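Structure first, commentary second.
In this document, chain identifiers A, B, C and D correspond to the written order of the chains, with residue numbering beginning at 1 in each.
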Amino acid sequence: MRLKRLVLGAALATLIGVPALVSQASAETFIPLFTYRTGPFANSGTPIANGMHDYFSMLNARDGGIGGSKVAVEECETGYKNEKGVECYESVKGKHPAIITPYSTGITLALIPKAAVDHIPILSMAYGLSASAVGKDFPWIFNPPATYWDGLSIIFRYIGGKEGGLDKLKGKTIGYIFFDGGYGREPLPLLHQFAKDYGFNVKEYPVPPAQMQNQSSIWLSVRRDRPAYMIMWGWGAMNPTAVQEAAKTGYPMDHFIGIWWSGSEDDARPAGPAGKGYLSLNFNAVGANFPALQDIKKYVIDKGNSQTPKGQLGENFYNRGVLNAAVIAEGIRNAQKLTGKKDITGDEMRRGMESLKITAARWKEIGLGGFAAPMAVSCSDHNGHHSAYVQQWDGTKWVKVSDWIAPMKDKVEPLLDAAAADYVKKNQPWPKRTEACDKSS
Amino acid sequence: MRAPSGPEIAVGDVLLSVENVSLSFGGVKAVTDVSFDIRKGEIRAIIGPNGAGKTSMLNVINGFYHPQQGRITFKGKARGHMRPYDAAYGGIARTFQNVALFRGMTALDNVMTGRSLKMRRGFLWQLLRHGPALAEEVEHRHRVEEIIDFLKIQDIRRVPVGRLPYGLQKRVELGRALAMEPELLLLDEPMAGMNIEEKEDMSRFILDVNDYYGTTIALIEHDMGVVMDLSDRVVVLDHGIKIADGTPDDVKKDQAVIDAYLGVAH
Amino acid sequence: MFYREAGQFKTTYAADSALFPILQDKIGIVLILFVAFILVPLTASDFAIDSILTPILVFSLAAIGLNLLTGYTGLLSLGTGGFMGVGAYACYKLATFFPGINIVVLIICSGFFAAAAGILFGLPSLRIKGFYLSVATLASQFFLSWCFIRIPWLYNYNVSASIEVPTRTLFGVPVTGPTATPATRYIVVLAIVSIMTWLASNLIRGRIGRTWMAVRDMDIAAELIGIKLYQTKLLAFAVSSFYCGVAGAMLVFLWLGNAESESFNINQSFLILFMVIIGGLGSLLGSFLGAALIWGLPIVLRTVPGFFNLSIKAATVEHITFMTLGALIILFLIAEPNGLARLWQIGKQKLRVWPFPY
Amino acid sequence: MHLLYQIFIDPFVQMGTAPDLFVQTLWEGLVTGVLYSLIALGFVLIFKASGVFNFAQGIMVVFAALALVGFYEHGVPAYLALGLTIVLMLILAFAVERLILRPLVNQAEIILFMATFGLTYFLIGFGELIFGGDPKVMISGALGLPSGSYQIKTLGGFVQMQKIDIAAAIIASLMVASLGIFFQKTRIGRALRAVADSHRAALSVGISLEQIWVIVWFAAGIVALATGIMWGARSNVSFALEIIALKALPVLILGGFTSIPGAIVGGIIIGLGEKIGEFYWGPLFGSGIEDWLAYVIALVFLLFRPQGLFGERIIERI
């Protein structure tokens, strides 16, 4: 009886005590980070979250923020779930965020229509809706440095280089193993177009979300179909399982190429020595040998202000997070320059992002020389279609094995424009772009 | 209790006849070649020691079990393979040895379910619960309230039956069967586990049902006194075989019956 | 003292079986509706409406759907998410084919598609019972999720494999799409949920509800008093799926604005089942209470540290939320296995006899 | 016509023309089936003795494996970590009995079922809080489990068998055998069987119900640990494993909720059916049908035998 009363009391107290959500940041730039350190995708999400968080903390500790404005970072745990992502968005949108990074294609898709209404820019760095690169239709969405279609075309350029020409693929089979959701399905149209152009066959191996760790029959099929190359669009627990199963079936690992989201150390490491040779795309450097990363170590990690475990600094996805944060920081600086204001809100941030240019010299200036390719975003092109490189797992770490490879813009852009037009057509009435372009872009 | 001339005058047309029915479960014989009939307006008892196949017999009559052999004729029509609700449609209602009420529902709702068969308004009207649907509901509520008055369970209408004492549950169950306005009412040990007062009440109700509604009743009962007082005719089963059939007085004197009850070896 | 029914005599059976037979309850419900329809949209913040109230209402409707099947008819289903998905995708296709028809009409119509799916996957219930049946519904869940991704026609061949909600208006005001305000969407959801709850309460108070409960409590006896089991069960599947389907359509069109196959996965089914059991099997009110607790509790828990100005890591908060939710579910079950609705009833009973203990 | 050929002829032609792949598929199906069986076994143990449909079995698998790796990562030697994890599972069994089962005794099945949902949530949060949510690499090497594989050149190709899979099959058989001996030969085992029939009967053997609950939950915990090690070694240890545990449900449907041989045979049928179905018929549907195939197999099966593989025919009484 007493227990009953206790429970009742506790329940009532929590229900009544719903606190009002009012808090207003002042003299600072508010940047919410949608992260996931829980759930089946935590392996991919955690290092990225750490990288983003640490870079901003470092800027605050070392420089007192960006251009005199402190960065107020708030993490919102999404667990990679769309509902949670939307909830996070609703809970931060009243606090005037400068920019939002959803870190999930599903959440990005849900936020795209809202962004224009609420005037909040969204940075989906090389994920999300490829078509959102078209600035005329999606003024509020940014997805540099490259789209998935760019990524696929880079993979094919690499394969072409290895084979001595893409025409050599004629009559061969290319296998495509992918996370069976929007993310993994997006490259399919381009893949099939390549198949037509170069005369190869495509074998699709979809991995349903519930089967991420149960891929043995898929790899048996791979053994039967003997594809010349395997291309992977995987995420979360799917990646390490795929690499392990590939090694088990004896698939030649140096013919197995993952997209940039299938290239974390944790993806290749569980396969042990058998995973040696596995390839993946990347657009940021690995390793901690950069002044900015050393500053992170000095100002943040060594001071105990970080959740980063030992050894994660410099790993691929950690650096991906750093890159993401650096792009945001540069966007803020650019916006400050354009507007002359210190604290940046969404409207100004959009202008800052639309004329963002990070040259090799600028990368060097911010202590990240050679960390990533030069990056430029314009009012009409919110992506830039930049280069990426191929890295190979040597059994303990990633090694860069190719030059920076540019995507096949001629193949990608028509697809992009068609996709953007299709999106707009299907979502009528889609708001026409009214935001003016800055001159500098 | 019953007028002495009962058996003779209560004889009417045959309402239901059971002919050479056999039923077995995977080799175990429950009922073997049993035949008897039930006449309109009578109270017919089925008695016998434990495991005699009495309940199986009732289950056969209302279509819950399908006999391997034999034939059942109800209201002059032989019935083929039928489902229990066919029996219910035909006018056979039933109570159970271990009360089979809908435990989560109130007494009133339990009795109201007995009216389901008679309610005609379709799904859309039910959704709106206005006009004809409400009128129908109210009309049937009147009939149900009559039964509730008749069984004197007015005060427990709103109580979920799971919380009622056993005797009252039995009464509610009788009410549910009566709500179906059956022509033939099957009662499976209506007085099991009751004290003497409750038994008297229940006997009264059974007789009243028989008199007042003219319902034909077939009942299984262990209490010989009750059986002899209530019933017009008695059929006796033992190990699935019919060993006697006749008026209570005849049956009482039957040697096979006495042996069966005293457990004389065959 | 104030909550007494003494002196309120009913003179007709119709009044006796009314939804709120007691005057105080009538006043109460009018008050609640006033607050919900008028006060809340005027005063509550966008976050409160869009992240707490609207989802609670949407999930309540799905919970009512599941409750009709599991709580009232006793058929345990783990396929709620799939049926919600059928509603959502049906609504999306309908909106594509009939852009001229009002979106609210389409949302309701999409329920019929879910009902058809419910009947189809309810067919095994004729032979299979209990936990065994729940596995049959699990099959429907996984099969439907698979369809939502593998049949591109369902999402109009969108490259993103997800469905996007176009802007549609009602009386000139946008109710779906990004320009619809949270308050507008909330009012539409509230209206649909209120009406459908009322209809459900009509059903369960009448013949159909009684036959459902009879099948739940003792299917054999129900059959013997003339209830056709398979018709009754299939009707329950159909009505239940209809409710779930409408909830699914509202989830996409009036709340999230976008969805993919994963929005209707097995976890969604479990979430709704939680709501039903915690709220109370066989209680419409319980469906609301359960949805409010299961959806609202994590949000409340997440805001608690901020309330006390504690800086706890987002992930830690999430872990603790999980633990607390799990512990609370167990605690509630121990305290009152019949759910929040039963607690509510006990409270009302106490109020009725107050200040005397009995 | 072509479709009919693809459905009814082509798969069998493939089986004939590439027998090595067919044998490999059978092997994969068998190994997966054994792992499904192990999860189902945990369910059966608990259901048999306490009538609780333990939804948390899947998360117990993850929790046990996570704890094992977690201890090891904190510098505990592998075998000691194994011992510590076993102790942890014992503590869990005690806690479950004391905090969940005892207060909920005599409640309806669905309430207990729901309580195990609560337990699932709790263990997810607790596990991630203590050991972290990031996936871990199973310490199969440190535990002395074999790695690498045997390649048998045969049938015009080769059949590859992972040593860890062979070990999984052997350990699973040992586990089943020892459980069988435990149930048949020991006093506690007999009591457990008695309790499955009647709780009062168990009391007469002189063992309290509470003790029995602790024992079965502990046994289920050990089974979960074994499952976690084996499956963790195949991919890695992460919370995504939990969803695979749902596959135990169709296994239970086939084998019945109370039959240990049923769980084993059911698991193997589901494993084989799923792999063969996916490999030979999957491409017709664009692959990836494994997601629901197991449930559909179970469903079709149920329609013909509602009582399951080893269940007795139900005679309804009233």
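Observations on the model:
The rule is short, and it goes like this: a contact is a pair of C-beta atoms (placed from the backbone, for glycine too) under 8 Å apart; a residue touches a chain by one contact, two chains touch by 3 or more.
Quick caveat: nothing in here was measured; it's all calculated off a predicted structure.
Between C-D and B-C, more C-beta contact pairs join the chains of C-D. Using the mean of the Cα atoms as each chain's centre, the chain most removed from subunit D is B. Mean C-alpha positions place subunit A and subunit B at a centre distance of 73 Å.
Per-chain Cα centroids separate subunit B from subunit D by 49 Å.
Averaged Cα coordinates give subunit C a centre that lies 33 Å from the centre of subunit D. With centres taken as mean Cα positions, subunit C sits 42 Å from subunit B.
Shared contact sites, meaning residues of subunit D that touch two or more other chains, fall at 128, 133, 243, 246, 286, 288, 291, 316, 318. Residues of subunit B found to touch two or more other chains are 64, 96, 100. In subunit A, the positions touching at least two other chains are 37-38, 46, 180, 208-210. Put simply, subunit C touches subunit A in their complex at residues 45-48, 50-51, 55, 142, 146, 149, 156, 158-162, 164-167, 177-179, 256-263, 265-266, 292-293, 296-297, 299-301, 303-304, 306-307, 313-315, 317-319, 322, 328, 331-332, 334-336, 343. Here subunit B touches subunit C in the complex through residues 62, 64, 83-85, 87-89, 93-94, 96, 100-105, 109, 112-117, 119, 121, 123, 126-129, 133-134, 137-138, 141-142, 145, 176-177, 180, going by the rule given at the top. The touching residues of subunit D, counted against subunit A in their complex, run 18, 21, 24-25, 28, 31-32, 128, 133-135, 137, 147, 149, 160, 162, 231, 234-236, 238-241, 243-244, 246, 274-275, 278-279, 282-283, 286-288, 290-291.
Those residues of subunit C that touch subunit D in the complex are listed here as 76, 124, 127-129, 131-132, 135-136, 138-139, 142-143, 145-146, 150, 220-221, 224, 266, 270, 273-274, 277-278, 281, 315-316, 318-330, 333-334, 337.
On subunit C, the positions that touch subunit B within their shared complex are 12-14, 17, 199, 202-203, 205-208, 210-211, 213-214, 216-218, 220-228, 235, 282.
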